[in-house]
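Lettered A, B and C in written order, each chain numbered from 1.
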Amino acid sequence: MSAELDLVPAGLVRAVEALPLVDHHVHGASAKDLSRKAFEEMITESDRPVPEWMTQFDSQVGYAILRHCAPVLGLEPHCAPEEYLARRARLGTDEVNRLLLGASGVGHFLVETGYRGDEILGPSGMAELAGVPADEVVRLEAVAERVAATGCDAAAFAGRFAEELWERSRTARGLKTIAAYRHGLDFDPAPPGREEVTEAAGRWLAAGGGRLDDPVLLRHLIWTGLERGLPLQFHIGYGDPDVDLRRSDPLLLRGLIERAEPTGVPLLLLHCYPYQRHAGLLAHAYPNVYFDVGLGLNYSGARSAALVAESLEVAPFAKVLFSSDAWGPAELHYLGAHLWRRAMERVLGAFVDEGEWSLAQAVRVASMVGAENARRVYDLGADA
Amino acid sequence: MSAELDLVPAGLVRAVEALPLVDHHVHGASAKDLSRKAFEEMITESDRPVPEWMTQFDSQVGYAILRHCAPVLGLEPHCAPEEYLARRARLGTDEVNRLLLGASGVGHFLVETGYRGDEILGPSGMAELAGVPADEVVRLEAVAERVAATGCDAAAFAGRFAEELWERSRTARGLKTIAAYRHGLDFDPAPPGREEVTEAAGRWLAAGGGRLDDPVLLRHLIWTGLERGLPLQFHIGYGDPDVDLRRSDPLLLRGLIERAEPTGVPLLLLHCYPYQRHAGLLAHAYPNVYFDVGLGLNYSGARSAALVAESLEVAPFAKVLFSSDAWGPAELHYLGAHLWRRAMERVLGAFVDEGEWSLAQAVRVASMVGAENARRVYDLGADA
Amino acid sequence: MSAELDLVPAGLVRAVEALPLVDHHVHGASAKDLSRKAFEEMITESDRPVPEWMTQFDSQVGYAILRHCAPVLGLEPHCAPEEYLARRARLGTDEVNRLLLGASGVGHFLVETGYRGDEILGPSGMAELAGVPADEVVRLEAVAERVAATGCDAAAFAGRFAEELWERSRTARGLKTIAAYRHGLDFDPAPPGREEVTEAAGRWLAAGGGRLDDPVLLRHLIWTGLERGLPLQFHIGYGDPDVDLRRSDPLLLRGLIERAEPTGVPLLLLHCYPYQRHAGLLAHAYPNVYFDVGLGLNYSGARSAALVAESLEVAPFAKVLFSSDAWGPAELHYLGAHLWRRAMERVLGAFVDEGEWSLAQAVRVASMVGAENARRVYDLGADA
C-alpha cells in the first residue's frame, strides 16, 4: 500500500468499503461481447471514432480500468490493454458483468432507461445480475418522443404526455431531464401556457416528432415532471459532444430552482463537472437542490479525489449524493463505485489525519453521501 | 499534531500565529443569546429555514466550529453540537464573544455596517469587546436608502447623496458596494449622466425608495464613491440566494476597472468564491485591483487551504488581503482568522518544504497578506 | 531534497529530466541587457508600470526565478533580487541566455514571430543560441497587417492575404490566431462570404489598416488558415489586460471546432488558464482539439503542479502538449521547461506512489505530453 493511503485511518477504510452504496443515476450494463474498437468507443463520452494514432486506453479511465478492474478479472494491476481484453473475452461478458457488479458493492441501483435502452440491460436485468434491488428513473424526453411516435395530435399532446408519464413512472423512483443536451439550461424558467404548448407540439409533430429540442416543450416536460412529484434529475455539465458546455452551467437553473421550491420536489444535479463548485453553491443556498460528481470520477481516474474534494466544500453534507452514470461496459459500474470509495477514503482520511474532522464524522459523511441521502430523497426505506 | 502539519516549518507557524491580522471586511458580532435554531441559521449563507431532515452542523463550517471553537470554550475538539451549544449558553454571549474575539488575534477590524446593523455590534462595540481598533466601512446602498427614507426629491438626490456620503464616511476607512446583489456586475461601466440619475431617482423615490436595485443609481453610487476616494470594496461571488452567481463573476468588472484606473482608488474584490482565480487574474493585470478569499474559508472549513492556494497563483502578493466577512456569531470571526492562519501555514509551509520558497519568503508573504497590504491600502499606519 | 520529492520514483525523475522537450509555442529570447525596471516589466503579463509600492519579484514567477534560475547562473537558491540582477548583468545577456536555454533541455522550438518580433530573437537566432532546431509559427493577424501596410485595395485583400500567407508559411510548422485578443472567441463560426470580406477589408483599409480587430476579417483569416492546412494555434484565456477573459473561454469555440472537424486540421488551444478543464473537455470530445497549460506554469510557480494536474483529468493523453509561451528574458524559457518537468514529476509521481498508475505509464505520458504529441501533430519527424 502506498505512502499516502497508509495515512488513511483503517476504521474509515473498513467503513467505506463496507457501505452498500445507492447508485442513484446509472444505466444498464451491456450484455454483449465487445470488440476492442467497440470497447474503446464505450470508455469515452466522445461519439467520434477513436483516431488511429491513439488508443482510448491512454487516458485516466483507461489506466483506471487496467489498474482496478484487472484484479477483479484475476489479472495483475497495470496489465497491457491486449491482455485485459483477451481475459475479458475468455471469461465471457456474463461472467465479467457478474464479477464487476458483484465487486462494486452497490446495494441499490436507480436505472435511467432513456438512452439506447435496447443495447443494454434494464432494471430487472441489472437486479438479476447484481442480486440487489434496481428501480427505474424515467427520462421525460423519451416518454414524450414515444407519445409522438405512437401518433398524437397537437391539442392532445399535453394530456397524452401526462397520462403516459404517470403510467410509465408508476413504480419509478425518479424522473430525469436532458434539457441541457436538447437546448441548454438557459431556458425561460416559467411553465409555458397551454396554448404555447399546443402550438409548439403542433410544429414538432408536423415535422415528424423525433428528437425533441423545442424549449417550450422541454419546459412543459419539466413542469409536468414537477407535478408528478418524483425527484427530478438534471443532466449538468460534462457529456458527449452534443452538449454545449457553456449552456449546461447549473447556475443557469437558478430561476427554475426558485420557482420549483414551493413544490418540494428534490432537484438532483448530475455529474456537474467542471461546475461542481457551482452545484455546491446551489445546494448550499436552496433546500431543494442536491448534486453528485458521478461520471467525472470515472473519467478523471487518478484525479477523482480532487473532484470529490471540491464537492465537499460549501454544500451541507445532506445534499451530496453518489452516482456512477455508467452505461455499457460493467467496468464503468465497478469503477464508479470503487473510485468513489478510494476518493472518499483519501479526502475524508486527510481531513481526519490533519486533525480537522473526527473519525466518526468522516464515517458519518461517507455514509450520508454514499447511501443515506439517496435513501431519504428517493424514499428507498432502510438499508436492505 | 498531524503528519501533515509536522512538515510545516516551526518558524512559519510561530510567525503566522503571532501576526496581528487586519480583518479588512467584517461585520459586527452578535451580542444576543442564540437558540439552536437561530445559531444554525447564522452559520449558513442560505436565508431558508434549515430543513428538519438535516442539521447545519453537518457541514464544513459546522465541523470547523466543533473542532476549533470548542477548545476556545474549554471543550474537547469534535464534541457534539448539543454539548457545544450548552457550553455556549452556560458561558453567556458576552464571555463567548470575548473568548473568541480574543483568540482570533485580529489587530484591527474594518467593520462594514450596512447589513442588519441593528442586530449586531458596531465598530465601537467591536473595539471595546476585542480591545483593538475598529474602523468603519460604509455601504453605499445603505447611505442612499437612508437619504430616500428621510424624504428627498429626485432633482436633489445626487446632491443629498454626496453630502450624506461625505458626512457618513468622515472617519471611515473604506466604502462598499453590493451592486452584485442588487443587479449583477453586468452593468454599463460608464458613469451615468446627471439627467439619467435624476430620472432614475424619480422612479425609485416615487415607488417609495426602499431596496435600491436600479442599475443607473447603482452606477451613480459607485462613481460617487470613486470621487469620494476611499478604497472601494465589491461583493463578488458567493453569498445568500439573493445573488445570481452568474452575474457576480469579477471578470464582468473589467470595463469599470479600466475606467476607474486613473482615479487611483483601490478596488477590493471580496470573497470571490468560486471565482478566486478570476480575481487573481484581474489583480495580476490591473494595479488598482486587490482581492481576498474571505467567507469561502469559513464555509469550506477543512478545504480552506485549497482556496487559499488558488488565491496565491498569479496575483502579485502585494494584491491579496485577508478578511473573515463574519456576521453574527463570534465563531465566524474567530474561524475566519484561525482557518486563514492554518491554511497559510499549510500552503506556504508546503512551498517551503518542497524547496520552492525560502522560509523568509513564506513569512514575508503571510505578513503582507495578513496585515501589511491592508495597512497600506487603507492607510492604517504602522502596526499598533 | 524535500520530503515530497523523495516520494517521486527515481526512474520517473530520470526519464522526465532527460526528455528533449518540444516547446510548441514560444517566442524569442531577448538579446538585450535589461534594467531592473525592464526586467520586472517583462516578468508579468500586465502592461502597466509596476507600482512603486511593490516589486514584481514578490510573486510566484519572481520567487521561481530566484529559486530555479539563480543556481543556473551560479548563485544560491532564494537569493535577493538585487543579487540576482547583479549577477545577470555581470555575466552579460549572451551568456545568461546560453546558460538558461542550454539548461532548459528543450530539443525543438516552434517560435511564434508575430509579437514585437524586432525586440527579440527570431527562429534562427534561437536555434543558434540553443543549438537545437527552431521552426516558425506564423501569426495570421501579423500577415494581414503587413499586407495592409504594403498597400492593398479591398477587392484584392483576400487574394493578397492568401498569397502572402502561403509565402510566409512556406517552411512554417503552424499558424496562430489571436482572435481572443482582437475580438473575443464569441464570433460567428461560419466562414464569411467573399463580399462580406471585401466590405470589411474596405472599412479597415480606409481607416488606415493597423490593428486588425474586425470580426469578419478575423474569421476570414482563420478560415484561410484552415485552408492552408497547418496546425492552427489559438490564444485562450490568460494574457495581458488587452484580453477580455470572459470572451476567451475555449467553450466559445465549439461551433468553429465542429465546422473545422472535416478539414482534419489540428486546433491547438494555448495556455488556457483558468479554463484548463474546459480545454480538457473539448480535447476529450473532439478529435481535432489539443491544448497546453503553458504560460500559466511560469506565472503560478510553486502552484504549477496544480495546473498540470487539472490538465490531466479528462483529456486523452495524446491530446495534451507542452509549451512555455516565453517571450523576452530567457528565464521564462528555462522556467517553462523546468517547472513543467517538476510538475509532471510530482503529479505523475503521486499517481504512481498512490498505486494508481505504473511507472511505465507515467514515463509514457510524460514523453507523450513533453514531445511525442507535438512531433506527431507538427510532423517534426523522430527525435533528433
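Points to keep in mind about this one:
In the analysis below, a contact is a pair of C-beta atoms (placed from the backbone, for glycine too) under 8 Å apart; a residue touches a chain by one contact, two chains touch by 3 or more.
Treat the numbers as computed from the prediction; the structure is a model and nothing was measured.
Counting every residue number used by either copy at the chain B-chain C contact, under half are found in both chains.
Rotation angle for the C-alpha superposition of chain A on chain B: 120 degrees, rounded in steps of 5. Annotation: 37 Å between the Cα-based centres of chain B and chain C. Contacts with at least two other chains are made by no residue of chain C. Interface residues of chain A, counted against chain B in their complex, comprise 7, 249, 251-252, 254, 258, 277-278, 281, 284-287, 309-310, 312-319, 350-351, 353-358, 360-361, 364-365, 368, 376. Those residues of chain C lying in contact with chain B across their complex are 1-5, 44-46, 48-49, 51, 53-54, 56, 58-60, 63-64, 67, 77-78, 238, 240-241, 244-246, 273-274, 296, 299-303, 306-307.
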